[in-house]
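My questions all concern the structure below.
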Amino acid sequence: MDNISRNVEEETNLSQTANVYFDSEDVHACIVTCGGLCPGVNTVIREIVCGLHHMYGVNEVLGIEGGYSGFYSRNTIPLTPKDVNDIHKRGGTILGTSQGEGGNDTGKIVDSIQDRGINQVYILGGDGTQRGASVIFEEIRRRGLKVSVVGIPESVDNDIPVIDKSLGFDTAVEEAQRAINAAHVEAESTENGIGVVKLMGRFSGFIAMYATLASRDVDCCLIPESPFYLEGPCGLFEFIRKRLTENGHMVIVIAEGAGQELISESLSAMNKQDSAGNKLLQDVGLWLSQKIKDHFAESKKMAITLKYIDPTYMVRAVPSIASDNVYCTLLAQSAVHGAMAGYTGFTVGVVNGRHSYIPFYRINEGEKKVVITDRMWARLLSSTNQPSFLNPKGTQLTKP
Amino acid sequence: MDNISRNVEEETNLSQTANVYFDSEDVHACIVTCGGLCPGVNTVIREIVCGLHHMYGVNEVLGIEGGYSGFYSRNTIPLTPKDVNDIHKRGGTILGTSQGEGGNDTGKIVDSIQDRGINQVYILGGDGTQRGASVIFEEIRRRGLKVSVVGIPESVDNDIPVIDKSLGFDTAVEEAQRAINAAHVEAESTENGIGVVKLMGRFSGFIAMYATLASRDVDCCLIPESPFYLEGPCGLFEFIRKRLTENGHMVIVIAEGAGQELISESLSAMNKQDSAGNKLLQDVGLWLSQKIKDHFAESKKMAITLKYIDPTYMVRAVPSIASDNVYCTLLAQSAVHGAMAGYTGFTVGVVNGRHSYIPFYRINEGEKKVVITDRMWARLLSSTNQPSFLNPKGTQLTKP
Amino acid sequence: MDNISRNVEEETNLSQTANVYFDSEDVHACIVTCGGLCPGVNTVIREIVCGLHHMYGVNEVLGIEGGYSGFYSRNTIPLTPKDVNDIHKRGGTILGTSQGEGGNDTGKIVDSIQDRGINQVYILGGDGTQRGASVIFEEIRRRGLKVSVVGIPESVDNDIPVIDKSLGFDTAVEEAQRAINAAHVEAESTENGIGVVKLMGRFSGFIAMYATLASRDVDCCLIPESPFYLEGPCGLFEFIRKRLTENGHMVIVIAEGAGQELISESLSAMNKQDSAGNKLLQDVGLWLSQKIKDHFAESKKMAITLKYIDPTYMVRAVPSIASDNVYCTLLAQSAVHGAMAGYTGFTVGVVNGRHSYIPFYRINEGEKKVVITDRMWARLLSSTNQPSFLNPKGTQLTKP
Amino acid sequence: MDNISRNVEEETNLSQTANVYFDSEDVHACIVTCGGLCPGVNTVIREIVCGLHHMYGVNEVLGIEGGYSGFYSRNTIPLTPKDVNDIHKRGGTILGTSQGEGGNDTGKIVDSIQDRGINQVYILGGDGTQRGASVIFEEIRRRGLKVSVVGIPESVDNDIPVIDKSLGFDTAVEEAQRAINAAHVEAESTENGIGVVKLMGRFSGFIAMYATLASRDVDCCLIPESPFYLEGPCGLFEFIRKRLTENGHMVIVIAEGAGQELISESLSAMNKQDSAGNKLLQDVGLWLSQKIKDHFAESKKMAITLKYIDPTYMVRAVPSIASDNVYCTLLAQSAVHGAMAGYTGFTVGVVNGRHSYIPFYRINEGEKKVVITDRMWARLLSSTNQPSFLNPKGTQLTKP
C-alpha cells in the first residue's frame, strides 16, 4: 500500500525509506483559494510557490482561478517565484475565489486533477472549503491516485476548530481598530453620542472580542455566543441609558452573527409582506441601530445621536501585517514539507504552539467558539463593565 | 462709529490709527464648533488658542461645548496652550458639536456673549453654521457690542462657496482611498465582482470626484451634479454589464447626494405603507446596491457579487494629514490677526491662492458645486471612461 | 519652419491648422526618469501611458531604463496601460534612475531617439535632469528632428523655480511627520531629551519648514536659507539650554543643506589627516548631533540624551498620497496634451494655480528657496519661538 | 512568616486563607518605567491602573517619573483611570524613563517606598531593570516590609529569557517593514542598488530575523548570534557581488549587535588617534555601509549605490498594534492579580502559551538568543538564500 493513500493520522511518517516522497521533477502542484477574503492569502500562495521552488526545486505550480469551479471551467495559470514575488503586499487573492461549499462537482474537479497530471493540491479556505477538500480527498483515494491533498485553513473569523489561531486574524483585529476609533471620535463629539461598529463573526465572536480588548474604547461587545436582550432592567437599552447618563457617549461592537433570534422575532412581528428594505434589516448592525434609534425616539427621555459603521470589507481586504506574514510563511512551508513527504488528507495548523498536520475530519467538526465561561470573556466583561445578560428578569450584576 | 461695528467689505482696515485694535489684556475670546465632524477642527482650535497666546499675549480663551446651544446650556471651559497642545493629533472636536442651524436661540447666545464679557467669537462650521454666525453678528451689531465675530468655514464636502478648498478635504480624499482600495480588492477577487463605495457629498461631489481621480481604480463616479439613469442602452445597468464583460470586475463610487430623484421615484413606486426597512433605502448607497443586485438577479444574464462599503465616519473622524494641518494653522492665524485688528462679520478663507477675509453674506450664497462642463470633470470622465448620462435615449458617447 | 522646432515661448499654439499636431498612429513616445527618488513618479509614468492611450489612441510608448544613459546602454521596455495599471501604488520608479546631470552623452542619446524613431520624449527629474533635457532639446533642434521634448519637474525638495509646488512634496511632508513624532516621543520620555531629525533639502528648506509647521512638536527648524551659529548668547547651544530648562525636552529639525559653512570650519579645524569616520561628519545631522553632545558633555552643566533620526529614504521611497496622485495625474495629462499639440522644449508645471508650459531656460535658473523675510518663515518662527540667529553678537529678540 | 516575604517559586499560592491578600483600601501601588522605549509601555501602565481600580477597587496608584531615580529625586504623580484613559494610543512612556541599571541607590529607593507607605511596586523594563527590581526586592525582604514587587519585562529586542515573547515585539517587527520597504524601493530603483537597514538587537537578532521573514524583500540578514566575515570566497562582499550580478539590487538587514568583533578589529587597525568621526563607526550600520562602499570603490569591478537606513527610534517610539495591546493588557492584569494575591519578587510573562509568574533570578540569567541551529533561522536562510558564513575558507553552501 502506498503511503500517499494513507491518512496522516494513521502514521506519522508514511514514507518509510525517505523523508521526501516526491521527486522534484515529478511534482505538478496546484493552488486554489475559496470562500471569503482574508488577509494573508496571497502570502500563503507566494510561500507555497517559493517554498516548492527554493526548498525542493519544484518548478511546476499552477494556479486554479475562481475557486473550486475553476478546476473545470477555467484555464490554469502558471505560478513562478517571479510571478508571486510582490503579491504578499496586496490584499485579496490573486487567484480569485468563489463560495467554497456546495454547487461544485467533485467528479469534475478530480477529473481535472487526474487529466492534468496534478499530484499536489493545496487548498486555502474556511470550513466549507475544508469540507470540500475532504470530499475531493476521498474521491482521489477512491480512484487510487497518488495525489497529496493539503488544506490551509483560512477564516478571518478565527472559527476553525483545533488550531490556535487563523491566519489573517491579527490583521483583521488591527484594522478593526480604525472603525472603533472612528466610532469613538464620533460618539465623543456629540451629546449622547452612540457609535455602533459591526465586525465579522457569523458563528464566533473572536474578532469582536479581541478588537474590544485591544481598543479599550468599547462599552459593550455583543457576540453570537452570548445572547442578549433589549428590554427590561438588565437589557441593552437600559445599559445604554445608564452609560450615556454617566459618560455622555458610548461605543457598541457587535459581531455579525449576534442576536439572530432577536432579529427573527422582530422581523416576523413586522408587516413583512413585501419590503425590499426589510431584507436590509437582516443585517444585525442596521437592525440594532434602527432599534436603538426607535427606542430612544419613542421613550422621549433622551435624545441620542447614533453613527453606524460596517468596516467588514475594509477589514478583510487589506494586506496582512508582519506577524501574520510570518505566520502564513510558516504555514505554507509546513504544507509544502507535508506534501513533499507524501502526506495527504490533512490541514496544516498550529496546535498548542506547534505546527501540526490535522486530518480533515478533525477540522470539520463544527466551529470554534468563544467560551463565555472562560477567562478571556471574563476579561472583556471586566474591561467593558457591560451586563452579562445572563438573567433577563433579574438585577444587573455590576461585575463578573 | 466704531470700527468693530463695520463689515469688512466696507473698509479694509477699520482701525485707522493702529494695526491692533484690541489690547491683549482686554481680549476675552471664545471658540465654538458646530455641524458634522471634519478632519482638522482640533488643529484650528489649537492654533487659535496658541496664536492668540504666542502672537498677541492673550490668555483668556474659552471653549463653548456642544455647539451653539452650549453658549446658554453649558459651562465654558478654559483653553490654554497647554490644554490644546496635543489635540491636533486627534480626530473630531474636543469641544463637541451639534447641528449648526436651526433650533438655537440667537438672543440667548448673544446674551451669553454679552454677560460673559466675550469680545472675540470664533465659529467653526459649515454653511448652516456660517448662516448662524451671520445672524449672531447682526444681533451683536444691533446691540452695538464691540465684539468681533469670525467664521472659520469647515465642510468636509468642500461645498463652501468663494473659497478655494475646505479644510480637511485632502484628508478626507486620502482616507477615502482605503475604502476604494478595499472595494477594488473585493471586486477583483470574484467573478463579476462589483464594489460600491458611498462617499460624502450631499450637494457637491468633490470628494467622490477627487477620490476617483486619485485612486485610478474606479470605473464609474456618480455625483449630485451629474444626473444618471439606470435603464436603457446608455443607462448604468448596461454600462455595468459592458464593463464586467470586458474586465470581469468594477468599482462604483457614489456621492451621498447623487440620484436623489431616482430614489424618490423608486420609493414612491414601492408599497411603502410601512416599512422600517424602507427608510434605509433613502441611503443612496444601500438603495443603489439593492437596485443593481435586483436587476442582475432578474435579468438572469449575469451572476454578480456586489460588496457595499460606506466609510463615511471612518473618513471624517480621522486626524488631519500634514498638508491640512498647515492649512488649518494658516487659517487660524488669519482669523486671529483679523479679529485682533478689529475686523468682524467675516469668514477666513483662501481665495485664488490668497488668504482673505470674506463677508458672511458672500459665504452664505448656496453651495459650491462641481461644474460638469469644466476640465476636472472631463478629466474624470476620460479617466473612468464612464457614460456621460447626458442623453437617456441616445447612443453612448464613448469619450467626452 | 516646422512648429515642432519652435520653443513654446515664441508662440502659444504652434500648430496653426489643428489642435493636434501628431497623428496617433505616428506617435512613438518614450519616458525616462532621472535623479533622486520622489513620491509620485510612478503615477506620472502611469498617466502619461494611459493619457496617450485613452485620450489620443497612442499605443507606442517605451520606457527607458536607468535614466539618461539607458537610451544607449539598455534595451527599452514597452509600456501599455496594463503594464502600468498598479504602479502608482508603489514608491520609487519602475524605470529605475541614475544621476540626471553630467556624464551622459547627449549625442548618443539623440542618436538613440533618432534611430528608434521616437518623436515624443517625456523626461522626469529635478534641476540637473531638466538642464539635461534642455541640452537634448537643443541637439534635437540642431538636427532638425520633429521630436517633442517635454520635462516633468520632479524634486522632492520643492526647489524648482517658477512652479508653485513640486510633485511628491506633500507626501514627503506627510511622511516626515512619523520621524518628528518619534523624535518627540523619544525626547519627552527622558530628562533633557533632545530629538534631532534631518530632512531633505540641499539648497532649500521647504520640507523642513512645512514639516515643522504641520507637526507643532518642533522647537527649532534649521534650513540652508537661514544661517545659524552654535556659540554665544544667541547661539543654538544657549537656545537648547533654555528650552530644556523650561520644557525638559525639545525637537530640532535640520535640512540637509543647513549649516554647511559651519561644518567646513569645523572639519578643517579637526585633525583630518585620515579618517574614514570624518567623512560621516559631512552629514549635517550626524555632525550637529555630535556637536551638541560634545558641548553638553564638556560644559557639564546639563546631562542630555540625544536621539538622531534620518528618515530620508523612508520619506522619499513611499507611494504618493491622494492629493499628490491627483496632482501627478494633471501634470501628466498636461504634458501629453502639450506634446500632442506639437509643443516642445518645455516643462509642465502649475504657476499661480494654473497649469502652464514653461520653457526650459526658465526652469533652469537656479533653485527656488525659502524667503526668510516672507510670511511663511515668520509663521514658523512664531510657531517654534526659536531665535532668528540674525545677529551673532547681539541679544536675542524674544518675539513679536 | 508572612506570605509577602516569600518568593513565588517557594509556593504557588502564598496566601493560604484567602485569594486576595491585600484589602483594596490598604493598597498603595506605584509604577515605574526604566530602560529604552518599547511600544506598549503606556498600555501596561493604563491596564495596571484600570485593573487595580475596576477589578479590585484600588484607588491609590502613583506614577514614579524618570525611572528608578524618580523614587528619590522627583515628586510622584497620581494615576487614575481618567488620567490614563487614552495613553495607550501614544508611543513612549508617560512616566518617562532612564537607564534601568546602575547608578541608582537601592537604599534610597526602598526608603522612599517605605516612607511613602507604598506596598505594591510595578516595575517595567528590560534585563537591567529586572536585575534592579531583584535588588530592590531583596532589600525590601531584608527590611521585612510587606511590599509586593512585580516586574513586567519589557525589551523591544525580545531578548528576555524564559518568556515566549516580549511586549511590543510584534509592533517593532511591523514598523520595521517600512524601513525595509524603503530600502527595497531605493535599491530597485538604481543599478546595483544596495539598501542597508539597521534594526535593534544588541545581543539577540530576533527583530532582524522576524522582520526579514515578514518582508521577503531581504537578501541577507546579519545578527549577533551568527558571525560573518567580509572577505574571501564565502564572505559578505562576494555574496553581495553575486546577488547584484543576478538581481541588480539587494537589501541587507543588520542587527545593531552583529559583527562587533569585526568593528573592533577594523577600528584598531585604523589610525584612531583622534577622530570624533571614528566614534560613529562603532555603529555597525554606518561601519558596514562604509566598508561595502570602500570595497566596491577600491575593487573597481562594480559601481554600486548604497542607501543606509537606521529606523531605530521610529520603530520603538510608535504606539503598539492591536495584538500587542491585548498582550499588554493580559500581562498587566496578570501582574495585578499576582500582587493582590500577595505574591512578590516575580516577573509576569507568557511561558509556553501560559501566563506565569517567574521568580526574578530566573529572568536575570542572561539574554535569550536566536538559536542558529533551530528551525526559524533555517527558514530564514532558506528564504534569503544567504551564505551561512560557517566556514570562512571553504566553498559556499548554497542551501542550509
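Read from first to last, the chains carry the letters A, B, C and D; within each, the first residue is number 1.
By definition in this document, contacts are C-beta pairs under 8 Å (C-beta built on N, C-alpha and C of every residue); 3 or more make two chains touch, one makes a residue touch a chain.
All values derive from a computational prediction rather than experimental measurement.
With B-C and A-B as the two chain pairs, more C-beta contacts join A-B. Note: centroid distance chain A to chain C, computed from Cα atoms, is 44 Å. Centre-to-centre separation between chain A and chain B, using Cα means, comes to 36 Å.
Centres computed as Cα averages put chain B at a distance of 32 Å from chain C. The multi-chain contact residues of chain A, meaning those touching 2 or more other chains, do not exist; every residue touches at most one other chain. Judged by the touch criterion defined above, the protein chains form a single closed ring in which each chain touches exactly two others. Interface of chain A with chain D (complex): residues 46, 50, 54-55, 85, 88, 170, 173-174, 176-177, 210-211, 213-216, 321-323, 325-326, 329-330, 333, 352-353, 379, 382-383, 385, 399. On chain C, the positions that touch chain D within their shared complex are 37, 66, 90-93, 96-98, 178-179, 181-183, 185-186, 188-191, 195, 270-271, 273-281, 286, 290, 294, 307, 309-311, 313-314, 317-318.
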